[in-house]
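Heads up, the next two complexes both have chain A, just with different partners, chain B and then chain C.
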Partner chain A sequence: MNTILQLLFSGIAMGFVYALCALGIVLIYSSAGVVNFAQGSLVMLGAYIGVTFLTKAGLPVILSVICSAIVMGFVGVLFERIAYYPLRDQGSTIVIISTIGVSVFLNDGVYVLWGRAPLFFPPLLGGPPLELLGARVPPQNIAIAVITLALLLFQTMFFKRTWLGRKMRAVAQDQDTAALMGIKVPKMIDFTFAYSTILAAIAGIFAAPLFFVSPAIAQILSKAFASTVVGGFGSIPGAIIGGLCVGVTETFAAYYLSSAYRDAWAFLLLILFLLVRPQGIFGEIVAEKV
Partner chain B sequence: MHRRLILVVTLALTLVMGLWGAVSAEEWIPIEEFTIGKVLHMTGDVALTGEKQRKGLELVLDETNAAGGINGVPIKVIFEDDLGTNPGAIAALNKLLYDHEVVVTFATVRSTMVHALSPIIEEEEIPAIFGGSAWSLSELRNPWMFRVRCDDRTVGTAMAKFLVENLGHKKIAALHDSDSFGTGGYQETARALKELFDIEPTTVQKYASGTKDYTAQWMAIRDSGATAVFGWGTRSEDDGIILRQRKEFGLDNLDYVGSASYSSGTTRDIAGDTAFGVHSLADFSWNTTDPYQQEHIKAFEAKYGFLPDTDTTWTSTGMIVFVDAIKRADVLKTENGKHYMRPVKETRRRIRDALRETKDLQTPLGKANCDVWQNLIHSINVIQVVPEGERYISTVTVDFELYQ
Partner chain C sequence: MLLKLENLSSHYGTVQALSEVNLTVNEGEIVTLIGANGAGKTTLLRVISGLVRPSKGQVAFADQRIDQLPPDEIVRMGIAHVPEGRMIFPAFTVRENLLIGGVNRLDQGRPKEEVEAEMQKDLEAIFKLFPRLEERSGQYGWSLSGGEQQMLAIGRGLMAKPKLLLLDEPSLGLAPFLVKEVFSIVQTIRDQGTAVLLVEQNARMALRAADRAYVLETGSIVVEGPAKELLHADEVRKAYLGG
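Entry: the complex of A and B
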């Protein structure tokens, strides 16, 4: 087995998982100007809802994913109505604290609803690992890569080519002006949050077979956040590239430097970017006029 | 005249003081019930184990109270949430001590928390039973702390012997959680491998709790040429991912001998067939041949509908040890339907002394004997995870020196 290739493929697989979560962060940031610290917990909730449809309700995989996405869409609207909309004029700090509160609520709430034991989630794409240039790649990792790239394509097209996407971008740029243009701002924000939580559901369902379903899934928020910074805050391709950078860096550093500090290497990369290129790979330097 | 007066007054005072002292020594405090504290994981990451610990404890508590308590005095256990953190554990113990004024207490199963609680336990001079297995806790020499689980030194030695003597390996890699439990366990196994067989691990791979990918660790283990791995893990999720990736990388031909969590019901549930074949050194086995332990399993399953495990049995064992010591300490009595306890300090001292005299007491974790380190359990089970559940292989009991 080729060690370097194995590390690379595993790093890429982890990177795609981070990127899936980062896409949701980027979406809300781009549309509502808010850093959503509850995104990791929403990913976790998506996994719990997915496992419920799959194992408790006995639905087929595809139907479970669709049902979870629909439920999570409503969760997103509820989240926006409770944690964002009433506070939107209070400043970003207040909204961020509100999202942290939602995160704590969800992390403890799943204990009440689903108990404390981690749950098994079968791989969406089963079968033995594929041999690829001497490295082994589980089919689930390939499924994650495909769905992430598909979402990247969909999201890019959606924001650039559809009226709805353009309206959402207009709301993100200036809510007052967008309202003067006849755009129903509250509805657009509702839609943004719903879409973001649908993304969280997809991320949760695809990550669950790798990590099992437990509140620990929410911990990927920190890596997803690092991915958005490295890729460029607000950039959709940046979220993917940032996620891959974080995943590959931590995997190689864990092998060649120290496995005990795997998380530290990811955050070292984050600090390096903040020092050297704070706008990230795809970000642009914004000049501020006084 | 004056001298005689002084003599009379002195004699009178001596008599009064003597009588007062005699009365004081026999003084009993009226109580409603005897209170035991339990620092418990009720919320936070490890809350799952807390729920099980509570059930294990309550099984013995209910049995004791149903049998009339201790000398007719009912026992009450007060739980305080440690949030799964050291500061939380300290706050919980302080609440038990000052808000609830418990007489004795349980600490926790997590060694790092027990380390944090030790100074308070020693300062307050309160007998405390704990389940943390780190050997470093014995080295604290806290006269008020008693361990009711097998310590890591014993487990590490048993693990090293099993790897070399039973499985015949010489090239052995280590994979452990970098927390105090994982590090302590690794150190004890590595020490035993070196001292008993002059074997050094081919590679030592660490990870932080909650790590989601172990590719780097598995590649390093494979590249080291190891034929077996010993693992010390804390969380079932981590164990599950480690075992799944072991199979994905085609490394399931390496023998894996892990700490107790590798054979826990939770790990088996989530790891599925990737756990089959893994050996584990567990405090408790469902397939034990010991009749007393089998009775315990039946009683537990009848009450709660699921089988006991390490998390439930250490608190059951602790409660049995406490009840036995409190009975022998002669600190409780019932007269005319009213319950009495000796003064708190004296009660605590007597219970501590009784705990030290524990000998050949049957518990779900084997016979409890208090040794010079105030460790009471000296047996560990070697089991293997199989499709049917687990296969009991043997029970290893190490030599120990009784406290008295």
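Entry: the complex of A and C
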């Protein structure tokens, strides 16, 4: 029983990291209509920038997270201006290729700035594991869960209650009609890229202590894709639930079945969903109706 | 003169959608633009609202050139466009759809509370015009019927407080009694002081409701005049009113 809970908790922590990356993909997809293949590399870049603030600049954890989020917000806008905006009328295939280009550039580019050796990222929260329902949970996993939930709550309120949030949602639903409402569509797409890249930064900082900081972190992209499909592509709650499903599934399968195939289980889940429920858990009610 | 199109041409790639169109709309009138499918009616509205750039000619609104402005600035100047197919935001509730219609007022440098209070008042005025929308105000856009969506689209356009309302095929796909209702609402809107440029395939209803009319054929204006006269003109009767 304790083992199951233990696995569940660490699966959830991993799942939140996938969910944050998946969320960024979904937000950019619904706003700009493009699948961003650089999202994993942005997560990786977030980890590198986080480790720089934390160990090189010696800032406390919270400040490092905030500074990385700010820097990455600007990176997001820059990324949008280079990889998306000039190509937006050329069709989504062209933009997808350009995001792949950015991802290759980043994955190798970090070697130039940070060297080839993987960097150590200390735990976000130190201290002994906490007892939770009989399971021993590292404080770091609790921090991941609490921060992610707080972020999601903030995001929900932001999209529901603020004018900026409503404008971004309008653009995500229909760019032309949003423009007819007087919304500055390019600016809203800027904001969406910025926010999605901030989410990537936070995912990167969460992932960094679990692994080392290296381009391997960018491989989180494939898990995030699996999460978006499992949850229902295009759906925000889907990205979160899908991320948790992928995280929990792979943690259990790695323990009980084979840890050598740890990375394969997520894709088995993905294939199962594509066979049985291709629209994912949350489907896309909107797309079906319109 | 509120709106003036001069020698306006537009192309989609090599296909000419509009050629040398001249058209005016004065304050306080309903002008209708009728024509067959593919005549260029929708393109004309999209040029006015800035979604499509003209290849030649100009558009002036209240004596200012607007043909190079982005859509959001054109909305702020006082032109609201209710697009073909209604284009309700499916994931927004009726209330959210209406509020987003007024969002351009927030970018005019006035205090937010003042604008929000004003929008609340306008929301109530729109609910008075469309009581059905008030009953449905918490429902999502995708769940509305075609008639309700059209009311919502018009209401959303009015939330921008336009001096000129562009309406693209508001009667499309509606039951006859709803078509009548829509046209009577269009006249109410004019009587409340908003000029209307109405694009329609339902020529008979449009000509009855409008003050002046233009007939568009393959991108060019072929007939223009007072709507009542066009209703009885032979060439219009034969081509658009079924004899």
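Here are some notes:
The working rule: the second predicted complex is superposed on the first by the 281 of 290 C-alpha atoms of A that agree within 3 Å, B and C clash if a C-alpha of one lies under 4 Å from a C-alpha of the other, contacts with A are read in each partner's own complex, and residues count from 1 in each chain.
Operating definition for what follows: a contact is a pair of C-beta atoms (placed from the backbone, for glycine too) under 8 Å apart; a residue touches a chain by one contact, two chains touch by 3 or more.
Treat the numbers as computed from the prediction; the structure is a model and nothing was measured.
Chain A has more of its residues touched by B than by the other of chain B and chain C. In the superposition on chain A, contact of A:R169 is made with chain C only, not with chain B.
Legend: residue contacts after superposition of the two complexes on their common chain; A:F212 is shown touching chain B, with no touch to chain C. Of the two partner chains placed by the overlay, only chain B lies in contact with A:A117; chain C stays clear of it.
When the two structures are aligned on the shared chain, A:T177 is found in touch with chain C, with no touch to chain B.
After overlaying the two complexes on the shared chain, residue contacts for A:L7 are found with chain B alone; chain C is out of touch. Looking at chain A, you'll find no residue that touches chain B in one structure and chain C in the other.
Interface residues of chain A, counted against chain B in their complex, comprise 1, 3, 6-7, 10-11, 13-14, 17, 108, 111, 115-120, 129, 136, 138, 210-212, 214-216, 219-220, 251-252, 254-255, 258-260, 262-263. Chain contact summary for the complex, chain C toward chain A: residues 49-51, 70-72, 75-76, 80-81, 83, 87, 89-92, 96, 99-101, 103-104, 106-107, 112, 142-143, 156, 160.
Interface residues of chain B facing chain A in the complex, by the touch rule stated above, are 43, 45, 47-48, 51, 178, 205-208, 210-213, 215-217, 219-220, 222-223, 235-237, 240-241, 248-250, 266, 269-270, 272.
Of all residues in chain A, only 163, 166-167, 169-170, 173-174, 176-185, 285-286, 289-290 touch chain C in the complex they form.
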